[in-house]
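For clarity, chains are labelled A, B and C in written order, and residue numbers in each chain start from 1.
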Amino acid sequence: MTTAAPSHEAMADPLAGAGHAPATEGRRIARALLRDRGAVLSTVFLGLVVLMAICAPLISAITGHGPNDFDPAAVDTNLGGLPRGSLGGVSADHLFGVEPQNGRDILARIAYGARVSFLIAISATVLTTLLGVVLGLLAGFYQGWVDQVISRIMDFLMAFPALIFMIAILSSLPTGDRSVLLVTVITVFGWPYLARVVRGQTLTLVNREFVEAARASGASTGAIVFKEILPNLRNSLIVMTTLAVPGYIGTEAGLSFLGVGVTPPTPSWGQMISSAVSWYATDPMYFAVPGLFLFLTVLSLTVLGDRIRAASDAGEAS
Amino acid sequence: MSELLVVEDLTVTFPTSRGPVDVVKDVSFAVGRNETVGIVGESGSGKSMTSLAVMGLLPPGATTRGSIRLDGAELLGRPDREMRRVRGEQASMIFQDPLSSLNPYYTVGLQIEEMYRAHRRCSRKEARAVVVEALTQVGIPEPERRAGYYPHQFSGGQRQRVMIAMALVCSPALLIADEPTTALDVTVQAQILGLLAGLQRETGTGMVFVTHDLAVISSIATRVLVMCRGEQVEYGDAEQVFAAPRHDYTRMLLESIPRIDDEVVL
Amino acid sequence: MARYVAGRLAGLVVLLLLVCVFTYLIFFKLSPDPALMICGKTCTPDRVAQIRASLGLDKPFLTQLGDYLSGLVVGRDYGSGPNLVRCPAPCLGYSFQSSQSVTQMIVDRLPVSATVAVGAAVLWLIIGIAAGLLSAVKEGSWWDRTAMGLALGGASIPNYVLALTLQYVLVVKLQILPFPSAVPFSEDPLLWFQSYLMPWLVLATGYACLYARLTRANVIDTLAQNFMRTARSKGLSPALTMRRHALRPALTPIVTIFGMDFAALLGGALITETVFGLNGIGKMAADSIAKNDQPVIMAVTLLAAFFVMAGNVVVDLLYTGLDPRVRVS
């Protein structure tokens, strides 16, 4: 198993290594990604989805359909509210069709749903990374009882049946701001997975020659952490966070799918799929559109994370 | 003297992104029965590739030219199925790091036994008896019990003894030792060298001893091949090469080592 | 060894106790009052108090927790006098919704979850490991690139999306499978198989993709080890070299991961069971959560935690048997 070991330059020259190596390293990884068709396609797709999320109000303004605007003309009440026209009501007016019964525009809901999904996933990633890095560093750097306490908490949280527990908590909590609740719950159960890796790498790093050299030369704890240890964790952190975002997008969608996530009428992809369940036989487009967006977004982020890891591993091997 | 192993104009070529590269170029040497020939050079000099070429264990993609004859029979160009009968039976090899060279999941007894049974038709019981004998021969105490131990339960020197027992279990005519003492302490190093020399006297095995350490070579080899960047820079009688090196590279190697006592020779 | 096992089991009990207290605390403090929910719309304060008393909710928190824990270990009695109900150990209480014994509910539904988990596990182990092995041996080949591309894709499909897609294609469009229902094997083996096939496929897809990638990485790692060179230098056949020397080191770490994944699944495949309407532990969890049936939620959480932790212990013990280097003396 190749864990992100510090590069040899950093070992030979601790002070210069921290300052200069990352920049060229970042450029090298970017070059490797540009040459990879999968990585480029993923980036393009993600760019489009993010653009769509940012421009959601603009899209609504152009098409004239807000995410919660009913369009009774687009559905056929004689058919139990199925969308008029083929493919779930796809037309020039409704590019991705409409929802059955109420005729809400799916494009608008996908765009607004992307905002919710990304906002929750990115906030949860930032928070888990912060918590994971701080607690993992503390455990790995100070060891002793600090490590014992943090490690036991991690064991406890990781042994928990997180999904059931998240659902149970979310269902019993009063319906307030669901997004904040979701981020909180995901963070509480998510940080140990990152902290465990950070702790392990910090443990090996603090015993390395260049950290000992820095310590011997009288560097402060803060200087050692920020100049010697954090730069060496950078690569694995980038990989872990890139892979955490699709994981959390999936978790949010799953929780919303199970009815304990984002509450209607706020759209989210998982919740759109959830409400499509009873229609899957008669109106497959209703779940196909959000399902495909969710799948492609998760896939793109996973491919990107995978390629970044491959590129940074290749850099360490050389 | 009838030669056991004759290598003539051996060239090993690797494909790289910048075109084919010769990692071994026109190397020729010979090993007699009951003789030790040293191959010396720095890392990357092609000495390990030369020994892997003799065993037919080069990485996939490598191509060879020239000739390698063992007991008069050509080895180069033989299909892997036939080389398998040569490996272990006629020529075997020990490596630098005995810990990583032994499979951590199996007892040393089983690892020796499977080699014996790959070449000899016999029952497991007979094979076990051979294993115990082989372990006794290399000086492992309590061999019956120790055969059931895993590699990590031995010390570094003992692990290399196990490797030697394994390499010699089928009484091969040729033993290739690739830096067998480099990973060991100096005292353990001397013990292993003594063991190898003693076993060689008993069995009459020809030995190729690959090392970067000239001091070690001077104590056990009769002939020496000095390699530098894949090329043979010097080859000849060990005493002559050490007394009057003809090449600057050999002189440099000689000067770079502190002399150690020759008491290692038994 | 015995001391090690005893230590691990003690740790298991302590952790389980912690989960118990933690879960109880959260539900006790956060959940809406179940008495109000049971009582319904036409409710008087007297009636609420009566229900609270019968559920034991009027007692202080620690007493309730103590009752719950002792019920788990030695059983407990509900009510009094002629209405006394004996709940034998392990007592998990009675459902607020159906008044059934929660222990009995779990016993009834566990076979469904186990069937789902075992079938899926067999599928994903076979497919994942075979695909990973082939990819590793033919590293960089057409097969390797295709399989690994598919593995990335398969791991990215949320399982409810896959479930709905399969259901639409196989049941609605092609009509080659019936809608899943938990038919016992003894009743109709063919229908049993057809019913469980989709849940198995849905659950196995993600795991198979993950295991294919893991297996590939481990095998490639192992093939580059020095002991593989030794095995070849001994003149062993390639088949023996691969089977004995490469597979065991490469697959042993996968046992750990498999143990954990499988244990987690035994606690109920929540989403898959819900989508396919299979009445297992997962669906029971989802239903009880929707109806705020606290005793059932508690029980399901505890059961899942128990499986995960017990799986952890079993895997560690198994590992000491499989990898001689971690064997404890």
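Criterion: a contact is a pair of C-beta atoms (placed from the backbone, for glycine too) under 8 Å apart; a residue touches a chain by one contact, two chains touch by 3 or more.
A quick map from chain label to UniProt name: A, C = ABC transporter permease; B = ABC transporter ATP-binding protein.
Bear in mind the structure is a predicted one, so any value in this text is a computation, not a measurement.
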Contact distance in steps, from subunit A to subunit B: 2
Please state whether B-C or A-C has more C-beta contact pairs across its interface. A-C
Where the centres are mean C-alpha positions, what is the separation of subunit B from subunit C, in Å? 53
Taking the mean of the CA coordinates per chain, how far is subunit A from subunit C in Å? 24
Residues on subunit B engaged by subunit C in the complex (per definition of touch): 55, 57, 80, 84-89, 92-93, 95, 97, 100-106, 114-115, 118-119, 150, 152, 163, 166
What residues of subunit C sit close enough to touch subunit A in their complex? 15, 18-19, 23, 26-27, 30-32, 149, 152-153, 155-158, 160-161, 164-165, 167-168, 172, 217, 221, 264, 267-268, 270-271, 274-275, 285-286, 289-290, 292, 297, 300-301, 304-305, 308-309, 312
Taking the complex as given, what residues does subunit C use to touch subunit B? 225-227, 229-238, 240, 244-245, 248-249, 252, 323-325
Where on subunit A is subunit C touching in the complex? 1, 38, 155-156, 159-161, 163-165, 167-169, 171-173, 246, 250, 253-254, 257-260, 270, 273, 276-277, 280-281, 284, 287-288, 291, 294-295, 298-299, 302-303, 306
